[in-house]
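Same chain, two partners: chain A is paired with chain B first, then with chain C.
What follows is the complex of A and B.
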């Protein structure tokens, strides 16, 4: 008989505890959680098996575990857990560690893992944009708060799109995309089972599966409804579907607006008909859409923040990752709205200062995306695609 | 000053403490809330260690009470106030009216002719009782109780003129002077309506282990035939849900100690009655302390009992009034959703005082168990102190009696 030697990795278990799974050792393997989870499949359900792997520190088991990403963190398991071991938090902590290890350079992941890394994360873009400001102020005869020739406030005077914002953000965006691409490749390699996989019948390409995931799960947020089908916990249900969905849709709208503006701007240089001038007037359709997106962003954020604040601390914890993401989106949304208000109110100094911070926070949101909780946007989607390709969904 | 000992609660621990103290020559007063002595043991079909019916062990205890003039007891009695200090307690006791004459009168014919009914709390709602009732054949004292609230109009007219019935009897209050107190207030089954994920008591044919005892009991609602409450048919498949509320910080944050053994015992009841029954026990850990491991081995050897490691965390109603249970077999890593004719929730024991505000100066832990109080001459016994089986409950009764005796002696 083949002998299996378990090698407990206590350091990994400790890491999990520090990343939000501090109660994992309370688990006594009763398997309530696997039943509590309506998403867990009948065959090898989660999160009980993840709990035992976590307490033994079986790093490789967790890294190769697609189920970690099937979990949508509704918290039913933690509500019903008889020991307060908080399986939902342990699953989230395991995902967090995987972001951290998956994504290089890993030093960013280290800064991202605790509040003490925040100053460094913050300092990088503040210096970056301050240098830009300083250089551009030089172009404006040393005036840090210049006005356009017609007296309006135009942020482009300082943060000139063509030479500052666009190149920096394009670099950041495509850099993040590349890092995520490498991460997804690594993730899929970790998932791949040993030996050969035989698929009987028609095989769909990963791209078709991706479209399916986006249409059936991301757009509709169907899994969030499925999360409600668990056993009755007797605790007040806190459906995150609408808060999360509104937030995701607002992200999609804002991404679309950004793409349209970029296309109008750069494309306009070639085809003058589609040119878009910024700042756009408030009645311009793209601007209206942008403001609708911003409003939705606020609504979704408010709902999710209120939910997180009201979580029963006996069963649910909120880690630095959770607060970082909510915090940074709040700051992006708030500075974005405020800079527009100051610009329209003709307050030149506050407008520029707030806009500067807006750029800092937007940069943080995008540049650190692969290491932050927002990484789940890509990694979870990738995992869901993988799961469909391998028939566990 | 007084050398008498007050025993609160007339269950197995309480009567054992009372008899032991009385046999050492002390005056003892038992105050029991229900109309009869015997407590939870009286509700069981069989009890450990020898799996004899409750009448067996309780009869001996009742004999000892009958023969010992030093033991006095009040049933349907509650303590309303306790003041004073160790050696000199003044206790106020409220005696609720029994409304029947103070000697044993056989009211069985009269009782069966009455029409008004209410849920029988002794059978945990599995049967109805009349306004004039005696919950068990071996009841001690062997007196009926007249519950005027349950009488219908015609019943009231029927009992109005009967000798030996005092429909107008009022509650009374008496004052006792006591030297020491033994608190043996016992336990109550954990309230299934709080187990929301297990159906909160609303699923048909999903019963508690204490209801199972009543079903199996010869003096129970079915005369000892274990059947489904919905259709009175013998079940062919039965599931036991262990730790239903126990070892759970959302419910009872401790192991109730007796539920595993109760389930093993009930497996034997079922196997005895129906050799074709298929039984599955879902557990987290099976706890068979000490020599009870022999019982575990015996039940394990039964061909129709299987054990699955995994806690049932979801229960629902299936077609045909069957019960659907969902559980992960934690050894095989498989989530099972299965239907059973009958499901038994092995609910745990909660101290009777939990959530109550007893008029006794008792230090209680967060679960409602009595922790300490001995310096004040108040001694806890039985399941009021911790979850215990009958044997250990009796031992703790003896221990409390000895401590109480030492408190009042030598003064």
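What follows is the complex of A and C.
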């Protein structure tokens, strides 16, 4: 009987090692990891099988593997691995490679995969916003650091919302959305096994599943609780759930604030009642919410950064992807907060410079989202929806 | 014969359960003149000087120490006269329970049954010492020359090691060069710390160290003509190209190694069908010669296909053999023991070899090759786990457990069909080359190597038990063969890696040196190391029945044409199987003999009233495993019925039927023989003892039956040294059966 002919791809195994899975060959298939994982289903649990696929360089097996995305990266498996093979890092590395390959143009993924690509990634928005600044400075009589008529610092004088920030960011945002949409389509195609897939029982639309995932898992962070209910590893329990949850909620709040401000601004042009003027006074409810969101962002970031710094390096590694994401969010939050402070302190030059960098980093966060670790926001959600549709969760 | 005995009671070890003073005065009254000194010592271990003074002042020639088990503190009492022990601690007080099974209440005074038991044991001890004497020396010259048979990796190591101890060495190699199988392995699996990397063997240096050593004489193209005599004074006849050479040697190291399993056994896996299937030995040679270009190589360690084919073939053969059987031969014919199981035995070596060869392939191709290791059991011995870890880390080496169900050609490539893999799927593997394991067949499976000039024949006995490997008891006594003074090392003993062979060679040489030294002192090497006694034959009564010469597990006894036994004390391991065998009771040891144990049995007071005073049951317990198990049970307060009396014996093989008759005629209600497991997976220290005893027991049962005594009154039970928790139940179960049977019909006659 003819069976599939296995084609190990050692190049792929090498890529995995370079993306953070450098210890993957140490695995001797004892399956302690699969037992340790609180999330792995009893039927064909992970990450034992992913480890052997990885060491044999079976690219297609890993690409079609929904389990990669069920993993919430708690690291129990790595803590308990008797050989120090770091299954959690290997799973993360596999996801990373998939972000990179899934999302076109793939050149960005290449830059994103190592620190040496960072200058290019940084240079693009730097130039973009410098050009905007230069043009707008021209409108302000060549003054790069203008003040408003009443002497206040108004960032809008340089980075004028209607013509600069909004179109650029809307384009970036919707572009990223489109890229992600294509990525998710591709991801689902990869998951789909060959032949026909028959689902027996009641079916729900993908949208209903998405709502379920968002309500049951993303908002509540339920899986993180499961992670922490895992076997005793001898490590102090981390505040990973709260760090991550606070960060996610702060993102939600800041997204909401942005949406309200955009609505107030553009909607105000039609219905004057809801018009919102920026900068908003500190006591304005939306502003209060924005600052609460920013504070939460700092808290969540601090917790997650502290955790990553204190990770036992014997069992856990942090890749460039991990540090890039933490770093970029720190920079966004820090420049955002600082620019507000400088503005209120009436320090015009630092305020503009910092605000400029704020825009650079925010753009980087959004524009590169599909290739970065933040892509898990979309890809993991998409995978969770997929597994709910086909009954593995 | 001890005529003046000192009896010492050790209060510290006996404790408060017994009236020791009463016991002492009883002993004094009963034995009168024989027992010169009876003392109750608070702490016996502090009384050693006093005992020595007594020996000097009262001319004692025997000392009886009543207290702890002889296994507990024997090293404390190194006295110039015979010492005997009465085990009042472990096997009397600590293991005591009332006849009805209830725990004793020592506060109400010493229990009666316990006092009776202690009295019996002390009396048995006295009579044992009375019937014992110091043996005459059986020392032989002890030639300090070691014969090493086999000039391969193990033999070369052994020769160099033996020379380093100061012995002369005769090294015998059947081929025309030294080196053996190691010549094909320039890079070996790790030989030294840190056990992570393969290493050059530097074989030529090893060879020149041997050939350049003035203490070592090398005979090439040589084989054994015969080995005569006994350890310390063997006479070896060596056939060389220049005729036969006779050498006196003290001991022999057998390092003849292995030969590859016949290719036909691997034919079902594709060996011999084309150039794309090789066995590990061939592949290794080609790799060394630089003749391997394949970049995808599968090492198949799963040998199920070969095993199944062999099983089918064996089935067909058995049918044929049935038709042909019936021919008997008087002359010794060597049976070829090569078979498919040698492949499985070699799995550990093949696992390591696959890793080593895969490593070499990766080295040569700069990690561009893909090497697959498909195993059923990846068996990496001991510290070589570190090597395995290192190899696992190599990018090009991919391993999985797999059932390999087919190996076939597919175009220019080979297709290996794998099922039940760790990858969670069945798959075909496309490779350029398939490498199969090499079965290692010990030379002793195919040839008579040593050519013993012994009564029991020229070969090692029972080789078929080990599929030809020259090994008798590898856990307890590695290197030891069934022929004392001949020590096996390396792959002739067990398939092993080269580091294992080196260690083995050193171990066997140490054994050989120890053997020569022991022979020159007239003491046993093992398992009864240091025992100076040996069997003495009273030839006047010998009927030349040959039982002793045939039953000796170690072939220690030769005989003349008439069949009169000719003892070789240095070959003897002092188990006493010969005197257990002798119907005329002509064999005895100075300190262990038929009359002595018979007298001990008769010393037990057997009450006439079975109902009121209980039965009496004799336990003859093997000293090696059963006796320590009883001690351990006692130490853990696992009590047994107080009506049993235990006598240690050297081995159940030394139990003479007369002891059972003595016991039955004395009125004992049952006899329990407590010894080691026997059969193919025996645990007997003397290999055959418990098995021979079981056979003799059948005869005893027959005799008892004729006399109208239920044969069930004699039972042999198997126990392992670690089964202390089971021993009390075994005893109680037997006692229960005896009580149900009622009293011995001979009681009181």
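Keep this in mind: the second predicted complex is superposed on the first by the 391 of 393 C-alpha atoms of A that agree within 3 Å, B and C clash if a C-alpha of one lies under 4 Å from a C-alpha of the other, contacts with A are read in each partner's own complex, and residues count from 1 in each chain.
In this text, contacts are C-beta pairs under 8 Å (C-beta built on N, C-alpha and C of every residue); 3 or more make two chains touch, one makes a residue touch a chain.
For clarity, every value in this text was computed on a predicted model and none was experimentally measured.
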- With both structures lined up on chain A, is it a clash or a fit for chain B and chain C? clash
- Regarding the shared-chain residue A:5, is it in contact with chain B (first), chain C (second), both, or neither? second
- With the two structures laid over each other on chain A, which partner does A:58 touch: chain B (first), chain C (second), both, or neither? second
- What is the contact status of A:80 with respect to chain B (first) and chain C (second): first, second, both, or neither? first
- Is A:138 in contact with chain B, with chain C, with both, or with neither (first, second, both, neither)? neither
- Message: Just checking: does A:34 make contact with chain B only, chain C only, both, or neither of them? Give me first, second, both or neither.
- Response: first
- Message: Output check: A:42 vs chain B and chain C. Expected answer is one of first, second, both, neither. What do you get?
- Response: first
- Should A:175 be classified as contacting the first partner (chain B), the second (chain C), both, or neither? neither
- Message: Per the contact definition in the header, classify A:231: touching chain B only (first), chain C only (second), both, or neither.
- Response: first
- Message: Considering only the listed stretches 73-81, 217-225 or 235-243 of chain B, which one runs into chain C in the superposition?
- Response: 217-225
- Those residues of chain A which chain B touches in one complex and chain C touches in the other: 28-29, 44, 49, 83
- If you look only at chain A, which of its residues touch chain B in the complex? 28-36, 40-45, 48-49, 80, 82-84, 230-234
- chain A-touching residues of chain C, taken from the complex the two chains share: 370, 389, 392-396, 398, 400-401, 415, 417, 422-430
- Message: Residue numbers of chain A touching chain C in their complex, please.
- Response: 2-8, 10, 13-14, 17, 25-26, 28-29, 44, 49, 52-53, 55-56, 58, 61, 83
- Query: Across the complex, what residues on chain B touch chain A?
  - Reply: 194, 196-197, 200, 243, 247-251, 284-285, 309-314, 326-330, 333-337
